[in-house]
Amino acid sequence: MTNSRLTYREAVREALREALARDKRVFLMGEDVNRYGGAYACSLGLPAEFGDERVRDAPLSESAFVGAGIGAALGGMRPIVEIMTINFSLLALDQIVNSAATLRHMSGGQFSVPIVIRMATGAGRQLAAQHSHSLEGWYGHIPGIRVLAPATVADARRMLWPALEDPDPVIIMEHATLYNDEDELPADGDMSVDITKAATRRQGSDVTVIAHSACVKKALNAAEMLVGEGIDCEVIDLRILRPLDDETIIASVRKTHRAVVVDEAWRSGSLAAEISSRITEQAFYDLDAPVERVCGAEVPIPYPKHLEQAALPQPQSIAAAVRKAMRR
Amino acid sequence: MRNIADDRVHLTREHAVELLRQMTRVRRFEEKCAELYTQEKIRGFLHLYIGEEANAVGVISTLTGDEAIVATYREHGHALVRGLPMNEVMAEMFGKAVGSSRGRGGSMHIFSAHHRFFGGNAIVAGGLPLAVGLALADKMLGIERATCCFFGEGAAAEGEFHESLNLAALWHLPVLFVCENNFYAMGTALARSQSNPSISARAAVYGIASEAVDGMNVVDVEAAARRAVHAVRRGEGPRFIETKTYRFRAHSMFDPDLYREKAEIETWKKRDPMVLFADWALSAALLNLDDREAIEADVAQEIEAAVAFAEAADFEPVEDLMKDVVSPPSEYIR
Amino acid sequence: MTDAELSDLVARSLYAVAPDIEGEPIDPNKSFRAQFEIDSIDFLNFVISLHQATGVEILERDYPDLQTLSGAVAFLRQRLP
Amino acid sequence: MIEFKMPSLGADMEAATLVEWFKQPGDRVERGDIIALVETQKGAIEIEVFNEGVIGEQRVQPGRKVPVGTVLATILSPAKEPPSRPAATTTEAIEPKAPERRVSIGETPALAAPPRLRITPAARRRSADLGISPERLSPGPDGIIGLEQVPSGVEREPGLERAPRSRGAGLDLDEMRKAIGAAMVRSHRDIPHYWVVHAIDATPVFEWLEKQNALRPIERRLLYVAPLMRAVALAMKQVPELNGHYEEGVFRPSPAVHMGLATALRGGGLIAPAIRDADSKSVDELMSAIADLVPRARLGRLRSSEMTDGTVTLSNLGEGNADSVFPLIYPPQVAIVGCGAATLRPWIAGDVVAVRRVVHVTLGGDHRVSHGRHAAQFLTRLSELLAHPEAL
């Protein structure tokens, strides 16, 4: 048994391949998933293996093909719908919020919608204000769906199958800057992952840094920067944006007494706001400093690199927030 | 001044030079952009219009300067033809503060209030409802002019396309819809995404007079646009033009173009709109070879100056990051 | 430390635990209890205050020596190096 | 909109003078915030709010005496009602009429909140666990008390109080005596008292204290009143008929023992602020609470809840020479424990006469609620508890 080195992109592709191979009901549908190979090349090569029916190009009709995915799930299929970017998912928001998330409840539990919707999210590639946003917090607001945010190659590889096993809609957020990340995975090791638990990526005793998606790496970088200053950060990768794993977060804060929440999205009404609020609700008397937040600047993402980077959380700004929490 | 009420194309020597000059500006500008992209001067997505120049040039030559244009993320050509200074467009590609959108938008989001150029929309079909609204405003304010909306055939799959056409027809609004059908919505061929490959037929079902033309022939495009825009201005409601065209380049810079046959691309390149028009105009003695050389020399100079201008310009300081999210209080409408 | 300084220190310690008498003159030979109704709680706080200001260890059996201003000054003079 | 009224801080309080506002129009207030200082017959008391919101209008200005129930200020719910502009001060003193007014939509400038101890929740909890009053901790260089500023090994650190804030008004001793007089008149008139006295050998307590204090650093030394209060609280738990409030013909026993401690004020006067949950506090915690409460009582810096929460009162004359005391119950309570001085007396121990430190403990009870048997139960239990102070 040897380890294989693969990129996040390849990990997503392998996960798709596994799903398509394991279950005949699974099919992939979305814009440019077939001939083009996927906007982020995640499905490159899959049409040759599984055919045009199961790797299905859809017209630029987000509302219709996401809705059709929901219908197909109701009808007994296990669709994986790819939306090119989270900004485009707004065109399908009606189907996701008003249908996928509500059908189970408003039918009194008669129907479930076992659909998986994948989309690329996030900034960092100078794609300006209509291709760069982090709206996953909005999805995290909606009851009736599960929202996953794989931050590592391993999670990108492992989260799809349990997502398909979930009888309810699951949205997988893939940060567009992660696709080229590389890591080693056991070639045929354990592929299971618990899609209800956050992951502690670094143990520490002084402050809990809570991040997700592309910000996990930045948080880990910040943690390394702070070692020299004698600050020992614990870094939690949320992984699941809905429902949030309060237990892991609160247990860590109880230990460290300090929390910094990192979120690429805008601060107001953000996931970071929710997490901060839960910490104060559940661990107020354990806190030795106000909960700090490092969020995206409240501006549509600008095109020039220096402004875009200035608008996003960075290891330096995370480190600064940690120092503040430490009252240094 | 051309008579804007005249449906015919008056191909004077002057006008022919102008058509070729505009197509050349767009073509050479974008070729330069591709180069600058590889040098990392331009970043983000860069969607080139090369091959499709006849559409913007043909249509926009029929519009008055105050008639609004709504375009897509493949809009450098439309901006230049509309009259946005090349310096500012190039500076925008660089993300510089003197760019037409202060550098905030980049390639996909070129805007100019002065030129009534409403961008620069990177959400497919996102511009159609805006154009309908601009036309609605004109109608309600009693201003007799057209609003011109460019989009690709990929947009015809979106709900917003259908909803907008219906609204424009229902309310009899002065919109000229121009569908630049280059046969590929990113990597998806028309036949793989449309049950009925005729886009203009869709407009017809909403009761909008529509016409399909050869988008590689600038004279045909201009003639069709002239007829349509005059009808719109006369208050006959919206019109729809489908131009059949082709992009010679891939969808964006980072596109291996796996979905098109090389032979297909070569076949279309034989119908290069610049070559087609120049050859025809030369043979009709509307132009001579010197004209063509002079145009190329002028354009090269303009581009060189634009690159120098963009290079020399400053980036906006980081302290200004939060600018222009909402209006400053002094601009509040009272 | 001179006796005047010690006297000042004792007075300040007393005022600190009973700010409502701050500034009132202290009869050096009359017990604090008799003068100011200093009770056991005030007195304990006063002793703690003296200890913290001077570092001098004070045992319970020393308490009787500290009941008056002059007694406290004498006690400190003896214990301070 | 909520009307914040002059609270009734005791059955005997009829009116009070507003001394100082701590919150201004536009300030946010939360349940439990101290909003103002009022001068009652019993001294200056900080009064707290029980709603959250934003201070709208202050209807009473400092210096004015108003009856209980007078609207002092309005509190607006934070989101819905922006505060109106402060209205002019009413001039009617005792019976202010709420002026007719419309709530106008406007904004009041946010005024700076009064200074408050800047301490983190974790530090506050740890200091409470250790029995350290946060006021005694020195903040870090940023002015904040965090976990780092709380000593981890020491259990209690009594010491110098921080310099108290100026009271804003002197104790009105005459008013206070009048109030005590009124309460005692009512107590004497309305409560059918009975008293039961029991002599208790407190020698073990003093011996235990001596040993304890010899081992303890000066800051952690105990006073006799601490184990005494602990024993009284535990004994009270055994006899619910003695612990609670009697109001409007109904007795409501209290599940917890909130122990009023009769505290003599310099220059005369008596006040009995309560230590909450005295039955669940250790001797050390009680010592810490007493050391905190008594100086504050003398400064008139009490929370209103401390004036009203007591369910039973302890009156300890331990420092004087009186043999015993027959105290009057503080209404609406139903019992009071009076302890005479602990003095050396001949004592029959087995079949020999020994010299012991003896205290006469009196239980005064309300006959409407309890009778002699209850008192005897209590005193017997108390005696047992004081025999084994190490077990307290």
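Per-chain residue numbering starts at 1, and chain names A, B, C and D are given in the order in which the chains are listed.
Please note the rule applied: a contact is a pair of C-beta atoms (placed from the backbone, for glycine too) under 8 Å apart; a residue touches a chain by one contact, two chains touch by 3 or more.
All values reported here derive from a predicted model rather than from experimental measurement.
By count of C-beta pairs in contact, C-D exceeds the other of the chain pairs C-D and A-D.
Closest to the protein's overall CA centre, chain by chain, comes A.
The centroid of the Cα atoms in subunit C and the matching centroid in subunit D are 27 Å apart.
Centre-to-centre spacing of subunit A and subunit D amounts to 54 Å, using the average Cα coordinate of each chain. A separation of 36 Å divides the Cα centre of subunit A from that of subunit B.
Subunit A and subunit C have CA centres that are 67 Å apart. Annotation for subunit C: no residues touch two or more other chains. Chain-to-chain contact here is organised linearly: an open path runs through the chains from one end to the other.
Interfaces, counted as pairs of touching chains, are A-B, A-D, C-D.
Subunit A meets subunit B in the complex at residues 31-32, 35-37, 39, 57-64, 87-88, 91, 125-131, 297-300, 302-307, 310-311. Listing the residues of subunit D that touch subunit A in their complex gives 120-125, 140, 142, 144, 146-148.
Residue ranges on subunit C touching subunit D, taken from their complex, read 13, 16-21, 33, 36-37, 39-42, 44-45, 47-49, 51-52, 57-60.
Only residues 158-161, 163-164, 171, 210, 213-214, 218-219, 221, 223-225, 264, 266-267, 290-291, 294-295, 298-299, 318-319 of subunit D touch subunit C when the two sit together in their complex. Listed in rising order, the residues of subunit B touching subunit A in the complex are 43-45, 95-96, 103-106, 108-109, 121-126, 154-155, 157-160, 185-189, 192-194, 255, 258-259, 315-316, 318, 321-322, 325.
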